[in-house]
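What follows is a set of structures for review.
Two complexes follow with chain A in common, the first pairing it with chain B and the second with chain C.
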Partner chain A sequence: MTIYFDNIYLGKNSVVAGPYINNGPLKGHFDAIYNDFYDGENTFEDCEIKEAIKCINILINKYKDINIDIFLSTDLINQLVISNFVANNIKIPYMGVYNACATFVEEIILGSSLLNNKNINNVLCLTSAHNLTAERQYRNPIEYGGPKPEYATFTVSAATSFILTKEREDIKVESCTIGKVYDYGIKDSFDMGSAMASSAVLTLIKHLEDTKRDPNYYDLILTGDLGKYGKEIFKTMFYKEKGIELNNYNDSGVLVYDMNDKEVLAGGSGPSCLPSYYFSKIYNMMKDKKIKKVLLLATGALLNTTSVNQKKSIPSICHAVSLEAL
Partner chain B sequence: MNIEEYKSITKKILPKTMTFKKLFLSFFVGGLMGVLAQLLIEFYSSFEEISMTEASSLMMVTFILISSLLTGLCVFDKLVTKFGAGLIVPITGFSHSTTSSALEYKKEGLVNGIGSNIFKLSGTVILYGIISAYVVAIIKIIIGG
Partner chain C sequence: MTIYFDNIYLGKNSVVAGPYINNGPLKGHFDAIYNDFYDGENTFEDCEIKEAIKCINILINKYKDINIDIFLSTDLINQLVISNFVANNIKIPYMGVYNACATFVEEIILGSSLLNNKNINNVLCLTSAHNLTAERQYRNPIEYGGPKPEYATFTVSAATSFILTKEREDIKVESCTIGKVYDYGIKDSFDMGSAMASSAVLTLIKHLEDTKRDPNYYDLILTGDLGKYGKEIFKTMFYKEKGIELNNYNDSGVLVYDMNDKEVLAGGSGPSCLPSYYFSKIYNMMKDKKIKKVLLLATGALLNTTSVNQKKSIPSICHAVSLEAL
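Right after this comes the complex of A and B.
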């Protein structure tokens, strides 16, 4: 399913980055940082809520005067509880959305579609993630040191927010492809790269077919959080399916961290991985007209702890959005 | 692309989780723990008023105390990540998983937090420890009379 948009633009954004990512290659590109997982709060969850609210306030202060009609938000914690508390704080009409780590692009698609309504002019979107709230949610207690395989990924702690608007800005939301859910039988919950790479390939192929484009149409094709090994699986599968080597492709999971750090394992993941890399690096390159056309492929692993314990395989999804600098 | 073909791609690309170095480290550290335990038993039983059985209980309590304390000081998880089964299989692993669960759920209260979750990871050890003790005891009665 591919949709084209007219007159929908990516407005201003803000990124509040937490430990690990704020010391990596993107250091100095963030609006604000925090250096410890509590940041003065009593629990990790409170810390995540605080950073998300801070992120939105920074964004709103970048505008002299803005009237936000709808707030779309996502996070990784049960029943979107972080987003719910943020929404309770900011009091803007709110919808919580969830497609795991693919939600960033899901928000762009939903927000852009809402903007087609004549009464809606500005949509605020938030993605929030905190490494330790996610660890608690999906894995073992934080102080438990059971070894993880090298192909496991490390959730990016960051809150990112941005505005989608009808007012003309430098970057346009050109088109999007809504992905289907695929399942290639991967059961290891540490191996999300393998679980998601297949969806990324199949959504990319669908997008290229629907738009009748060649991969080289884009200056950059960027996947969300496949990590070091998922990236290779993606390239190999795409080559086997289409017979084309991608030379304009990268994965933000391996770009957000200093990959020499053994603790980050195969790289970044989580709903804030792709937006924090996109907004602190690629967005500015597009504004400076260094690159013009970018395809974002946000990938999500659709599991929870119950499904993993019940030995079900991990289905995955990928949504694509094409952004163009004007 | 079918599932089999996809799995053969992932298998080729993913690194092996079990390496000789990791196996050797776990084996070596596990053995070292055994040696330490024996030394502790020898030490405790060198006191006249402590019997051999009491000495081995004291050794276990010492191991539990040290690993629990190091877990609280955020040191033990790094050691476990490095030495794997060498520290998880001995009683230090039991203590580590219990303490880490207690710390994790502290903020959710004494009853719904710590009380319900402290044996979240180590409950397996307790349950199957008791069951295997029963089985072994029954076998002993049947064979040994």
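Right after this comes the complex of A and C.
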């Protein structure tokens, strides 16, 4: 299902980055940073809430004056509790959304559709993640501190926020392809890159079919977050399906960290991985007209701890958005 | 924030009801029932997934032919894992949404906005809940089997599904008011009715202000799910704020169960409480033109087990939708 938008734009944005990502190749490109997982708070969760609120305040301060109508938000924590407390702080009409690490693009799809309503002019979107709120929830107590396989990814600690607007800006939301859920029978919850790679391939193929485009239509096709191994699976599978080698492709999971750091394993993941890379790097390249057309493929692994303990496989999803510099 | 819709209608719907609700006043009004919490499956979760898929299949079979473009879904389980597995089964482009028990109306807001897109014609929405998947997750192991206070509510086990469409139907989505998050400092996770009542009052007042309407504009104002005590708080607070006694008001939490059954305590809750009552009773009254204008106020308590254990208070939200029989 591909939908097209006429006058929807990416407005200003901000990224607040935590440990690891802030020591990687994006260093110096963030709006603010924090250097330890508490940042003066008593819990990891309060730290994550604080950084997310800071991120939104930085964004709002980039405008002289802005009236935000709706707040869409996501995070990895059960019942979106980080988003809920952020919404309680900022007091903007709020709706929570969740497709795991694919939610960044889910927000663009829903936010752009909300802007079709006459009296909605600006939608604020947030993605929040914190490595240790996620580790506590997904791996404590069983695997806590245990060694992980090298194909495991490492949740990016960052809050990213951005405005979707009807006001003319430099980058346009051109079209979105909403993905279906697929399940390839993968049961290893560390191996999310493999679980998600095929969904990314299927959504890319669907997007190209619906829009009658060639991969080379885009200056860049960027997945997030497949990681080192998922990225190779994605390229191989796409070649097998379409006979085309992608030479304009990369994955944000392998680009956000210094991959020489053994701790980050197969690379970044989490709902903030793709947007923190996009807004810190690609967004600016688009503003500077260095690249014009970008396709983002946001992938999500749709598990929880109960489904993993019950030995169920890991379904996955991928949503695509085509962004154009004007 | 109130938005108005021109040509968005509530299409067909279906309700599959589990134990307790099926022994209450709505008995005989459901599309299908199940009588024990496994219904032949090995886990509570697989039972919940099965009933949700059944609910959707019943709904689709009510149409001769329907092309569904998007699937919006919610449930109470961490990372929306029930919805994820349902989406994997039905293979319709999927987006997960979450505002706790307020999500029914969140789905109407987002689904109606998606229908503003040219090539989206039918949106399928699902709410799923199962008393024991919820109990396992929220109260196991600490409170499991322990006595509960009488102001606690009892999660309604039911799947409800419905179509939002551009095709003319008998009931119209007239307007929606999107709520903000409020926090009244309540920390007792059993006392969700009190936590949510004030949010319901504030959203009702905002809706009436934005639309310049009197409560009597509506034939029925229905909250869900405040329960026996939350309902009284709601009425008292509204009277205190506006000096108006609501005589066209009720709460679905106290209407879905036989309230003589001590096990259901202060009444029903969960994302399926309001829609299962609405679709089994009020929807048909509207189709038969017995009542014409209905305002639904869906309330959500935005906690998780970690936030409760960390002694944080419980923020809450309420979204409103005005439905009109044509």
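Here is the rule we use: the second predicted complex is superposed on the first by the 322 of 326 C-alpha atoms of A that agree within 3 Å, B and C clash if a C-alpha of one lies under 4 Å from a C-alpha of the other, contacts with A are read in each partner's own complex, and residues count from 1 in each chain.
Simple rule for what comes next: a residue touches a chain if its C-beta (ideal position, glycine included) is under 8 Å from a C-beta of that chain, and two chains touch if they have at least 3 such contacts.
Quick caveat: nothing in here was measured; it's all calculated off a predicted structure.
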Touching partner for A:Met237 - first (chain B), second (chain C), both, neither: first
Touched partner set for A:Tyr184, first chain B, second chain C, both or neither: first
Chain B versus chain C as contact partner of A:Ser194, first or second or both or neither: first
Touching partner for A:Tyr229 - first (chain B), second (chain C), both, neither: first
Chain A: partner with more touched residues, chain B or chain C: C
First, second, both or neither for A:Asn88, with chain B first and chain C second: second
First, second, both or neither for A:Phe154, with chain B first and chain C second: neither
Partner chain in contact with A:Thr43 - chain B first, chain C second, else both or neither: both
Residues of chain A contacting chain B in one complex and chain C in the other: 43, 136
Residues of chain A touching chain B in the complex: 42-43, 136, 140-151, 184-186, 191, 194, 197-198, 229, 232-233, 236-237, 240-241
Partner chain A, residues of chain B touching it in the complex: 1, 3, 5-7, 9-10, 13-15, 17, 22, 71-72, 74, 76-82, 84, 88, 96-97, 99-101, 103-105, 107, 120-121
Of chain C, residues touching chain A in the complex: 1-4, 43, 45, 69-70, 77-81, 84-85, 87-88, 91-100, 106, 109-110, 113-114, 116-120, 136-137, 178-183, 302-307, 310, 312, 315, 317
